[in-house]
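Residue numbering begins at 1 within each chain, and the chains themselves are lettered A, B, C, D and E in the order written.
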Amino acid sequence: MESVIVILSPLIAFLIIAFFGRKIGDLASAIICILGGALSFLFSTFISYQVLSSQNPIHIKLYNFLPLQNFTISFGLYFDTLSAITTTVVTFVSTLIFIYSVGYMHNLFGQWTYKFYAYLSLFLFAMLLILLSDNLLGIFFGWEGVGLASYLLIGYFHETKKAANASLEAFTLNRVGDWLFIFGIIYCFYLFGSIDLLDIFKGVNDVNKNLLGVAALLLFGGAVGKSGQLPLHTWLPNAMAGPTPVSALLHAATMVAAGVYLVARVYPVFDNAPESLKVVALVGGITALFAALSATAQTDIKKIIAFSTMSQLGLMYLALGIGDQVGAMFHLTTHAFFKALLFLAAGSVIHAFGHHVHDIFEVGNLKKYMPITYGMFMVGALALAGVFPLSGFWSKDRIIGSVYDVSFGFGVLASVVSLLTAYYIFREAFVMFHGKERHKDKAHESEGVMVVPMVVLAIMAVGSGFFEGWYSGLFGAHKEIHLNIAVMSVVIALVGIGIAYLVYVRGLVEPERAYESLKTLHTTFKEQFFTEKLYHKILANGYMLYSNLIYAAFEKQFIDKIVESTYRLSNGIGDFVKFLHTGKINHYMWTAYLGIAIFLIILIVMGG
Amino acid sequence: MQWMAFLIFSSLAILSGIGVVALPNPIYVIVALLSALICIAGIFFVSGAELVGALQLLIYAVAITVFYVFVLTAVPWEKALKKESHYKVEGLISFPFIVGLYLEIILVFIAGVTVSPQGQIKELVTKFGNTEVIGAILFSKYFLAFELVSLVLLVGMIGAVLIGRKEDQVYD
Amino acid sequence: MDFTLILPEIILFIGILLIFFLDLFLEEKSFKFNVFIGGLVPIAALISLFFISYPSTTLYNMVYVDGLNLLGKGVIYIISSIVIFSLYDYFEKKRSAFGELPYLVLTSTLGLSLLLSSNNLGMIFMSLELSSITIYILVGMLRRDYLSKEGAFKYLIMGSLATATFVLGTAFYYASTGTMFIKEYLQGNSLFMLSMFFLLSALALKISAVPFHMWTPDVYESAPTPIVSYLATVPKIVLYFLLAKLVFIFSYTKAWLVLVSVIALASMFYANFAAYAQTSFQRIWGYSSIAHAGYFLLALTVAKKDLINALLFYVIVYSFATVGVFTVMAALEKREGFTHHLLDYRGLYKDNPGMAVLLALFLFAFIGIPPMALFVGKLGILMGLVQSNLIPLAIAFVIASIISAGYYLKVIVYMFLEEGERKFTPAKASAGESIAILVSALAVILLGIFPNIVLSFLKW
Amino acid sequence: MEHLLSVAIFLPLLSALFVGIVRNEKFTKLLSIATASVVFIITLYLFLNFDWNIKDFQFVSKYTWIPQLGISYHIGVDGMALSLLLLTSFMFLVAFIWSLKIEDRPNLYYALFLGLFTACMGVFSALDFFLFYLFWEGMLIPMYFIIGFWGHDRKVYAANKFFVYTFFGSLFLLLGVASIIVYGYLVSGQISFDYMFHKNLSYPFWLQTLAFFLFGIGFAVKIPMWPVHTWLPDAHVEAPTAGSVILAAVLLKMGTYGFVRYSLPLFPEASKEYVYIIFVLSLIAIIYTAMMAIAQTHIKRLIAYSSISHMGLVTLGTFASNPDALNGAIFMMIGHGISSAALFMAAGFIYDRIHSYHMDDLGGLAKYIPNLAIFFMIAGLTSIGFPGLAGFVGEFLILLGTFKGFPVWAFIAGTGMILSAAYFLYMYKRVMFEEETISDYRREKWKKLKDIEKHHWVSFVLVTIASLLLGLYPFPFVKIMEQTAKYVLGG
Amino acid sequence: MISLEAYLVVSIILFGLGIFGMIVRRNLVTVLMSMELALNAVNILFIGADVHLNLANGQVFALFIIALAAAEAAVGLGIIIAIFRLRKVDSTDEITDMRG
C-alpha cells in the first residue's frame, strides 16, 4: 500500500490541480503539488528503509494491462535498492524544487499558474513510473509521460516563439529516441518472451549475445534521446526556455538522468552484450567532451549549466559503458543535488531581475547584492568542478578512476572534461558574481521560500559525497579511491578554476580580445559544432521544404490531377460526341449504316 | 423465259431504284419509285406470287404514290429544287460502305447458302390457285396478324389525320 | 381455339374500341373520363391474367403463354396503366388534350402484349410495328409544338430503318429455315447468320443501342414527357423479352458474343460520356437509356438463364424507375417556362422538396445504390457475367457504371446544392401523376428490398 | 436478447422516420440523442454479455430473405465487430451532442445522421454479403448530403469526389462479391450470399487473387490507402464538424474492417502472397502522408492526412499475419476513431469561433480558449500514440506483431511515431502557441472569444474518458478480439 | 426456276439503294420514298424464298410489309405536312433543332 502511495500521491495531486486548480487558486495548487511530492518522498524513504534493511526487493502487481498471444503485460511496481534509492533522491529533489518554484513563480500567480503545478505533479508521477515500473512498457509509459511534461513545461511560456519552438524540438527529438526505445522493448519481448524486468534479468544469459546487443542498443537509443546525448542533443540547451525550476528539475536533476537510470536498470542486458557497452561509452565520452567544449563558449546563464548537464550525463554514460554502474548512479545522485542547486541559484539570479536577464554578461558583481545566492552557486560550482571534499569530487573521482582502469584514452578524455568543467562553471560564476556591475536594474536577494531549498540542496551537495562508500556498499560494488587520481583530479579542477579566475576576475586576458583571436574556434563551440544549425536548417527545414514540394508538385499536381482529369476527360469526350450529333436525320442514318457495315465485317471475320 | 423476264424486271427495278436515289426533282423521284414498284410487282408475277404482285400494284403503285403526289403538292416541291437535292459529302463517304455491303453479301454467297426445300405449296397452288392458298394461310394461321394489319392501317390513318390536320381548326 | 389465352388482349381491344367510340361521341370535356377509363383497361387486363392457365398455345401455335410472358404482360399493363393515369394533366396544360391519347397508348400496349405471346416472326413483326407506328404518332402529339414533330419524324425514319432491317432479317430467317417460328436451328448457314445479324441490328435500333441510337436523345427531348415515360419503358421490356428468346437460338454462333458485346460496350461508354456534355435533363435521360441498353445487352451476350433472369428483373425495375423520373419531370414541366435545361433544376429542392427527393431517389437508383432495386439488377448481371467467364465485360460494366455516376450526380447537385436563379410556381402533381410516382417509387424500393416478388415469377 | 442487435441497427432508421414525420427541432435533437444513447447502451450491454472464449459469432439472428439468390438476413458479431459497434454508437452519440446548436435545417441534419447511423451499424454486423453491401452503399447517400448541405466553400466538389471515389471502390467490391458468390455456386451448386458459407469454402488461388484485388480496391478507397486517398482531405475539409467526426471515426474503419472480415479469412493465400503490395502502400501511406500532413496550413486537411497515415499503420498490422498485430490494428481503428473525432471537434470549434481553418489566420489561441487547448492537446496526444491514451495500445501492438514477421517494415513504420508527433505538434504550435506573433487586431478581437460551451464539454469529456479508458485499461477490449484474430488468421 | 441467289442479289441491291437514298437525300419526302424502296426490296427476297422453299408464308409476310409501308407512309407524310405547316421547311438540314 505504501508503495502505491509513493506513485499515486503525485498523480492525485495532478488530478486535484487539473480539475480544481482554477477554483482553489495557484498558491493552493502549489501547496498540493508540494504535498504530493513530500508525501511521495516520505513514503519512498520508508520503503527504501524497508528494502535496504530487509535486502528483499518489493514487487507489487497492479493490474493486467494488455493480453498478448502468449503473454500478458501487466503493470506493477518494483522496489529494489536501485529504484528505491533513486526514488528517494528524486522525490527529495523534486519536493525541494517544488518549494523553490513557489517563490520563483510568485510573480506569475493569477495567470493560470496552477497549470505549472499540475505539470510538475504530472512530471513527478511519470518520473516515478519510470523508476518504479516492473516492466519495460511501464517504463515507456513514464518515459513518454516525462516527455510530455517536459514538452508542456518547456513550452510553459508558450506565447513566445522561442519556447514554442523549443518544446516542439524537445518532443520531436525525444520521440526519435522513443522510437528506438519501443523497438528495444519489442525486441526484448521477442528475445525473452516477456518484458518484465525480472524475466529479462533471468533470461539474459540464455540468449544470443549479438541479438541482445541489438536490443541493448535500441534501448540505449531511447536513453540517448532522453538524456540529450549526441546525436539527439540539440533540444536540451533549447529547453532552457522553460521556467528555471523546470530546468532544474527536469533538465538537470531527474528527467535527463532517466536515460542513465534506464541503462542502469537493464544493466544486465548491457552487461551481457559487451559490444553495446562500447557504444554507450563512446557516445557518453564524446558527448561529455562535446558539451564541455560547447559550454565554454556559451553566454546564456542557463545554457552553460545545460551543457554542463549534458557533459556530466555523458560522463555517467561513459561510466556505464566501462562497467561502473554504481559510479554512474552515484554520480547521478550527487549531480542531481549540485546541478539542481546550480540551476536554482541561476534561477535566483534571473528571478532577481524579473525574468528578463538571460546573458551572463548582462550582470556582474552580484555577490554584493545576493550573497546567499552567490554562496549557493559557489558550492554548486565547486561540487561540479569536483573539488575535495564536496560531493562532486567523490562521485566524479570514482568515475575517472574507473575509466583510467579500463582505458587510458577515455581517462584522459575524462580529465580534460573535468578541466573544462571547472573552467566553464567558474567562468560563469566569476562573470556573474564578480567583476564590474553591468546590470542596470536593481538586484535583490531571493525570498526565503527560494533560499531554503537551495540551502538544503547545498548541504546535500556538500555532504552527500561522504556516503559514497555506503552507497557502493548497498550495491556490493565498493571501490577504493586511487589517491593519485584523486589528487590529479583536484589539481585539474583547481587549474580550471584558476584559469577562469585569472581571465575573468583578474582580467589577465581580455575576454573579448581572446574571442576575437579564436573566433573560428569560439564560434564552433558556441554553435555546438554547428549541429544545431544542421538539424534546424538542413534537416528540419529540408523536411519541411521537401514535404511542401511533394505536396505541391506531386500530390496536388499529379495524384489529384489524375483524379480530376478523369472528370475533365469525361466532359471532353462528351463535348466531342456532342459535336458528332448534328441533328440531321441523314447523319443518323449514316451512323447506323456505318454500324451495320462494321458489324458485317465482324460477322464475316468471325464466321458462323 | 422466266429468267429473261426476271432479269429484265430486276434490271429495270434497279435502274429505277438508282433513279429514286439520284434524281433531283421530287416529281421525277415519284415516277422512278412508281416504276421500281411496278418492276418489283413484275418480279412477283414472274415468281408466281400473283396476289402479292396485284396488291403491290394496287396499294403501292396507286394508293401510296397518290399519297406522295398529294403531299408534294401540299409541300411545294418547287422549293426543293432551289436547293441541292443530295448531300454530296455524305454520299461519297457512305458509298464505299454501301458497296461494302454488297461485297459482303457476295462473300456470304461464296461461303455458301444451304437451303433445303421442304414445303408442298406448289402442289397446293396448282390445285387451288395462288390467291386461295394465300388466303387460306392468311385467315388461319395469320389471322391474328391480319387483324393487326388492319389495326395498323387504322392507326396509321388516325395518326396521319391527327398530326397532319390543320391545327387552327381545333379549338383551344 | 382457346381464346382465353388472349383474354387480356381482347380486353385491351374492347377497351380501345370503347374509348374510340367514347371519344367520338362525347365532347372534349370527356378527356379526363377517357383517360380514366383508359387507365382502368390495362388493370382489367392485368386481372384477367390470373384466369389464364399456362403454359399452353393456341391459334395454330401463333400465340403461346407461359409464366415468363405473363410476368412481362403484367408489368407492361401496370406501367401502361400508370402512364395513362399520369398523362391527362400534362396534356391539358399543354393544350393538347386529344381524346385519342388513351386508346393510342392502349393500342401500342396491345401490340406489345401480343408480341410477348408470339413465337412467329410475322406476328412479332406486325405487333411490333403496331406499337411503333402508334408511338410515332404519340411522339408527335403535342399541339403547335414543332419539336415534337421533328422528333416524331426522326423517330419514324430511324424506326423505318429498323423495320427494313427487321424484315430483311426475317426474310433471311425464313429463307434459311423455311419457317417463321422461332426455334432452335443449329445448321450453320450463312443466311441464318445474316438473319441473326439483321434482326439484332433492328432490335438494337429499337432499344437504342449504339450506333443505332441517334434518335434517342432527340425523341426524349421532344416527345410529350408522359409519352417518353411510355416509350422508354414498355417497348423495351417487351423487346428484351424477345431478345431473351432470340439469344437462345442465335447465341451459338461465334459472332453473336462479339457483336453483342461490341454493341453493348459502345453503348455504355458512348452514352455515358455523351451525357456529360448535355445541358438538357431530357437528353441526359436519353443517353442514360442508351447506356442502360448497353448494360442490358451485356446480359444477352450468352444464353444463360441466370443472366437472362437478371436482365429481365433489371429491365422491369429500370422501367419503373424511368416512369417515375419522367412523371416527375412531366409534373415539373407543367409549370410556365420550364424547359428541362439543367439550370432550371437549380434549387429544385428549395421550391419542391418532395419532387426533388423523389427525383433524387430515382437518380440514386440509376446510379445503382442499394436498397433501390436497380442495384439488384446490376448485381445479377455482374454475377451472371462472372459466371459466364466474361470478367472483362464485367469490369467494363463496373467502369461504365462509375462514369455514369458523374452525370447523375450533376443533376443532384443542381437540385440540392445550388440556388436557383429563376423562380417557378410550385409544381403540383395531379392525382394521376402522384399515383404514377408513388407506384414507381414504391416498386423501386420494395423490389430492391424484396426482389423475390419478381424473381419468383422468373421461372422457366 | 435475440433481437437486440437488430434493434440496435434499425432503431436509428426508425427515429429518422419519426424525425421526418414530426419535424420539430427540439424533438429531433432529443430523439436523436436518446436513440444514440439507447443504441450505445445496447451495444454496451452486448459488450458486457459477450463471451470472449467462444470462437463463433454471437447474438446471431438469421432469416431467409431472398431465397432465389441465397440471400438471408444474417447478422451477428464477434469481438471485433462488437468493438466497432461500440465505437460507432459512441461516436454518433458524441456527434449528436456536439451538433446540438446547429441551426441550419436541423431536422434534415439529424435525419441524415440517423440514416448514416443505421448503415454504419449494419456494416459492422452483417454476415451476409448482400446485407453488407446494402449497408456499405447505404452510407453513401446520407454522407453525400451531409457534406453537400452543410459543407464549406467547395462542398459540391468534395461531395462529388467523395461519392464518385467511394462508388468507384464499392463497385469493384461488388464485382469481387459477385465473383466469389458465383464460384460458390459453381462449386456447391447452391447460390449463397452467406458469409459463413463462404468462410467454409476454400477458393483456388487464381480466384483468391482476383477477389483479393477487387475487394482490395473497394476497401482501399474507403480506408483510404495511398494512392487512392485524395478524396479524404477534400471531404474532411468541406464536411461539417460532425460529418468529419463520423467520417473519420466510423466510415474509414469500414475499409479496414472489410479487410479483416473478408479479405483475410476468405483469401488467406492471396493475402499472404500479396502482402508486400499492401506493405509498400502502407509504408508510403505512413511516411508520405505524414509529410503531406506537415505541409498543410489547413487544420482539417492536416488531420485528414494524419488519418490516412494512421490508417496506413492499421493496414500494415492487418496484413502482418500475426494475431497481436491484428488485434492492434483493430484496436487502433478504435483508438484512431476516438482521436480523430476529438481532433475534428477541436478544429470545428475553432472554425465556429474564428471562421477559419488556416493556421496563418490562427495563433496563440491557448491563451484565449484554454479549455479547448487542453482537449485539443489530449486529442492530439491520443492521435500520436501517447501511452496511456487510446492511440498507443494499437500502435504498440501493431509494431510488436509486425516486428515478428517483418522486422524491417515494422521498424520503418515506427517512424510514423516521430513524424506524427512532428506534424501534430507543429500544427498545435502554430494554432495554439506563439501568441506574440499575432496582430494586435486579432488580439483585441480574440479577447472576447467564448470558450467551449456545455455541449462541447460533454462531447469532449466523453471522448477523453473513452480515450483514457482504452489507453489505461485496454485489457477487455483486446481480450474480446482475441478469438477474432485466431479465427481470421486460421489459428 | 430462278435461284434464290438471284432474288437475294436484286433484293439486297435495291435495299442498299434505298438505304443510300435515305442517307443522301435532302428532301423529307424523298427520304421517305427511299425508305419505301428499301422496304419493298425485302419483299423480293420473301418471294424468292417462297419459290425456293416451295412455301407461301413469305407472300403473306410480303402483304404485311406492303400494308405496313402504307401506314408508315401515311404517318410520315402527315408529320411532314405538320412540319411544313409549323415551319415552312422541307429538307432534313432544316430540321436540326435538336442536336448534341
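Methods note: a residue touches a chain if its C-beta (ideal position, glycine included) is under 8 Å from a C-beta of that chain, and two chains touch if they have at least 3 such contacts.
Keep in mind that this is a model prediction, so the values were computed, not measured.
S.K.: Any idea whether A-C or A-E has more C-beta pairs in contact?
M.R.: A-C
S.K.: Closest chain to the protein's overall Cα mean, using per-chain Cα means, please.
M.R.: Centre-most chain by C-alpha means: D.
S.K.: So how far apart, in whole Å, are chain A and chain D when each is placed at the average of its C-alpha atoms?
M.R.: Averaging C-alpha atoms per chain gives centres 36 Å apart.
S.K.: Would you mind pulling out the distance in Å between where the CA atoms of chain C average out and where those of chain E do?
M.R.: The answer is 26 Å.
S.K.: Please compute the C-alpha centroid of chain A, do the same for chain B, then give the distance between them in whole Å.
M.R.: The computed centroid separation for chain A versus chain B comes out at 100 Å.
S.K.: Between chain D and chain E, what is the separation of their C-alpha centroids in Å?
M.R.: 64
S.K.: Would you mind listing the residues of chain C that make contact with two or more other chains?
M.R.: 122, 126, 129, 133, 136-137, 140, 144, 149, 152-154, 157, 161, 175, 178, 189-190, 193-194, 217-218, 277-278, 406
S.K.: Give me the residues of chain D that touch two or more other chains.
M.R.: Touching at least two other chains: none.
S.K.: Could you list the positions in chain B whose residues touch two or more of the other chains?
M.R.: 87, 90, 94, 98, 101, 105, 108-109, 113, 115, 117-119, 142, 145, 149, 152, 155-156, 159, 162-163, 167
S.K.: If two chains touch, include that pair; go through all of them.
M.R.: Chains touch in the following pairs: A-B, A-C, A-D, A-E, B-C, B-E, C-D, C-E.
S.K.: Residue numbers of chain C touching chain E in their complex, please.
M.R.: 122, 125-126, 129, 133, 136-137, 140, 144, 146-147, 149-154, 156-157, 160-161, 163-164, 167-168, 170-172, 174-175, 178-180, 217-218, 221-222, 277-278, 283
S.K.: Using the touch definition from the top, list the residues of chain D that touch chain A in their complex.
M.R.: Contacts found on chain D: 161, 165, 227, 230-231, 288, 291-292, 294-296, 323-324, 364, 366-367, 370, 381, 386-388, 392-393, 396-397, 399-400, 403-404, 410-411, 414-415, 417-418, 421-422, 425-426, 429, 432-437, 473-475, 478-479, 482.
S.K.: Flag every residue of chain A that touches chain D in the complex, lowest number first.
M.R.: Interface residues on chain A, with respect to chain D: 63-69, 112, 137, 140-141, 144-145, 148, 151, 155, 158-161, 163-165, 167-168, 171-172, 175-176, 178-179, 182-183, 186-187, 189-190, 543-544, 546-548, 550-552, 555, 559-560, 563.
S.K.: Mind listing the chain B positions that touch chain E in their complex?
M.R.: Touching chain E from chain B are residues 2-3, 6, 10, 13-14, 17-18, 20-21, 26, 29-30, 33, 36-37, 40, 43-44, 46-49, 51-52, 55-56, 59-60, 63-64, 67-68, 70-72, 74-75, 77, 79-80, 83-88, 90-91, 94-95, 98, 101-102, 105, 109, 113, 115, 117-122, 124-125, 130, 133-134, 137-138, 142, 145, 149, 152-153, 155-157, 159-164, 166-167.
S.K.: Using the touch definition up top, name the residues of chain C that touch chain D in the complex.
M.R.: Where chain C meets chain D, its residues are 364, 367-371, 375, 378-380, 382-383, 385-387, 391, 394-395, 398, 401-402, 405-406, 409, 413, 416-418, 450-452, 455-456, 458.
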